[in-house]
Amino acid sequence: MVDKGSFDNAAQVNPDVIPLPTNSLVVDLDGYEGPLDVLLVLARDQKVDLLKISILELAEQFMQFVEQVQKLKLEVAADYLVMAAWLAYLKSRLLLPAQEDEGPTGEELADRLAFQLRKLEAMRGAVEKMMNGTIVGRDQLRRGQPEGVRIIRHSKYECSLRDLLQAYADQKTRKGITNPLRLMRDAIFSVEAALERLEKMLGKLPEWTDLMSFLPENLTDPFRHRSAQASTLLAGLQMAKEGQLELRQSNAFGPIEVKKRKSGK
Amino acid sequence: MTVEPEHVRMAEALLFAATEPLDEATLAARLPDGADIDAVLGTLQEQYKHRGVNLTRLAGKWTFLTAPDLSWMLEEERETTRRMSRAALETLAIIAYHQPVTRTEVEEIRGVGLSRGTMDVLFDAGWIRPRGRRRTPGRPVTYGITEEFLIHFGLDDIKDLPGFDELKAAGLLETEPSGLFRDLAGADTEDKEIDPEEEEL
Amino acid sequence: MTVEPEHVRMAEALLFAATEPLDEATLAARLPDGADIDAVLGTLQEQYKHRGVNLTRLAGKWTFLTAPDLSWMLEEERETTRRMSRAALETLAIIAYHQPVTRTEVEEIRGVGLSRGTMDVLFDAGWIRPRGRRRTPGRPVTYGITEEFLIHFGLDDIKDLPGFDELKAAGLLETEPSGLFRDLAGADTEDKEIDPEEEEL
């Protein structure tokens, strides 16, 4: 029977392990890192070199441990139960006379278990030594405010001739379809141009003349033609406002006629 | 004045590990009682005087700093490969095809304003250069491409750039410009002769 | 062996200024051609041997660190180190001592399953990394430690882990499956053979 004392000892050996409280309703198995951990704690209680532990005794202690836990808490993690079952099997192998061609003997299995416990113990020791060793940032400090190395970046651009041509073609294409600003500039007949033309031509035509006859000739593009019509009308209105000419329209949608205003009138 | 060497070591470690310059009072508080701070700092400063790092006093506080004559070592030059933005590529193409060309003309051709960075990228790449000034009001600067541009794109001469028709034939121009504006499509190439009389900068 | 003092100054400045340990190739690239890096480092290491800061080799790289015996007085500068669970630390030690090692092997050594979070904590700390895959059925990923781990724990090489040689000599670092619980715990541990020929990930 595992007595309370052995667990207290375990707690001393390994302070991280939460001791098994014998009179509590909840047993904190989380305090142990798995069945092997429990075995290691139990083995340490034997206070002998791990090479010399009695696996049989250990198996017995473990099974009692699980029993005890089960009494207090219904559910015990499966790996503890697997370990208990395996130890029961190991115990039987150790106690029963060895039989031929039945796999490893009980002694071999016991050796392997002992070896595994040593491995785990070795790693536990390693953790301790690692944490007690020199840790940079704790025991040896780096420079508090290193200047650092400034990196001056030189950009090298990746761009092939094809990229370049594609870009040019793309923008040309795009412009052909959707660039109204550019088109307006070239396609429209500006008010300024209409004003200039009207001013130049007006002197030559002293009588009432259809405003549309002042439009530039050879306007094949209908868009440009309409633009010229609009601009010339605007130019005419502008000049009428300035008192340079007179405008008249005899009926709705009829032709708009223009005449130079006589000076001094 | 004799200085306790251990105090010098301690001050050295403190100054090294500190995340900010330390004043004398702070150092005194950290060193054993009775340490002669002035002597310790004087010793350290002397010891590091000709080294790669020096003990320096800044605004009344002490810190180790790289020796001024070695600060150039702390600058690393690194080349990074970057892709050009679409705006930069188009601008470059327009400059290549239309040079000499002013900024306003580039904007007019692209139909959008040019952000400051776009030209910078092209200058940075070493692909464009100012060429001269237009003899028009405001005398705007004209731009052209550089020798580096030709080298980068493997061209002997700017005239080797494929023309508009060739671009179309090569399938780079997928959309036929609409008939209404067909006469304008060719206008860009004519623009080149707008003002051959540019001054050299 | 004569060392150019100017090279020593340069290396000193670089190592002081660097935000992380520098390897010899990096130093060589920054020093003038033909600088004898080994001699330069040897000289620096000797010059700083008894000072408050020492030149230390970590993970094959060089850095200045405060002398270990002065750590007691640098309390304030100390970095706050995260507290790790026992499971995480044990897992870390097992990976460090056994690398390359699979997750299953770690679990077998600890005799308990590894919760997802345990490995995450170690990845977060930047201390472990996937190394490759075992050429065994299932091709499990193997893990190893990182340079940051070595630097953090003040090690130049994995062989500098405490007791590494002794543990290895005692055969305690082999990841050979123990064969324990095979009959009961199921077959998932069965297929593991040691295969030093692991593939890189």
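Every chain is named by a letter (A, B and C) in the order it is written, and numbering of its residues begins at 1.
Following the convention adopted for this analysis, a residue touches a chain if its C-beta (ideal position, glycine included) is under 8 Å from a C-beta of that chain, and two chains touch if they have at least 3 such contacts.
These figures come from a predicted structure and were not determined experimentally.
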By CA centroids, point me to the most central chain in this structure. A
With centres defined as the mean of C-alpha atoms, identify the chain lying farthest from subunit C. B
Report the inter-centroid distance (CA atoms only) between subunit A and subunit B in whole Å. 29
Report the inter-chain centroid distance for subunit B and subunit C in whole angstrom, where each centroid is the mean of the CA atoms. 39
By residue number and range, which residues of subunit B touch two or more other chains? 13, 16-19, 64, 66, 74, 76
If I count partner chains per residue in subunit A, which residues reach a count of at least 2? 141-144, 147-149
Within the complex, which stretch of subunit B touches subunit A? 13, 16-20, 63-66, 74-84, 86, 89-90, 92-94, 96-97, 108-111, 121, 124-125, 127, 152-155, 161-162, 164, 167-168, 170, 172-178, 180-181, 184-185, 187-188
Would you mind writing out the residues of subunit C in touch with subunit B in their complex? 8-14, 16-17, 30, 50-53, 64, 66-67, 70, 73-74, 76-77
Using the touch rule from the top, collect the residues of subunit A that touch subunit C in their complex. 16, 33-37, 39, 79, 82-83, 85-86, 89, 104, 109, 112-113, 115-116, 118-120, 122-127, 129-131, 133-144, 146-149
Taking the touch rule as given, give the residues of subunit A at its contact with subunit B in the complex, in rising order. 141-145, 147-161, 163-173, 175-177, 179, 181-183, 185-187, 221, 223
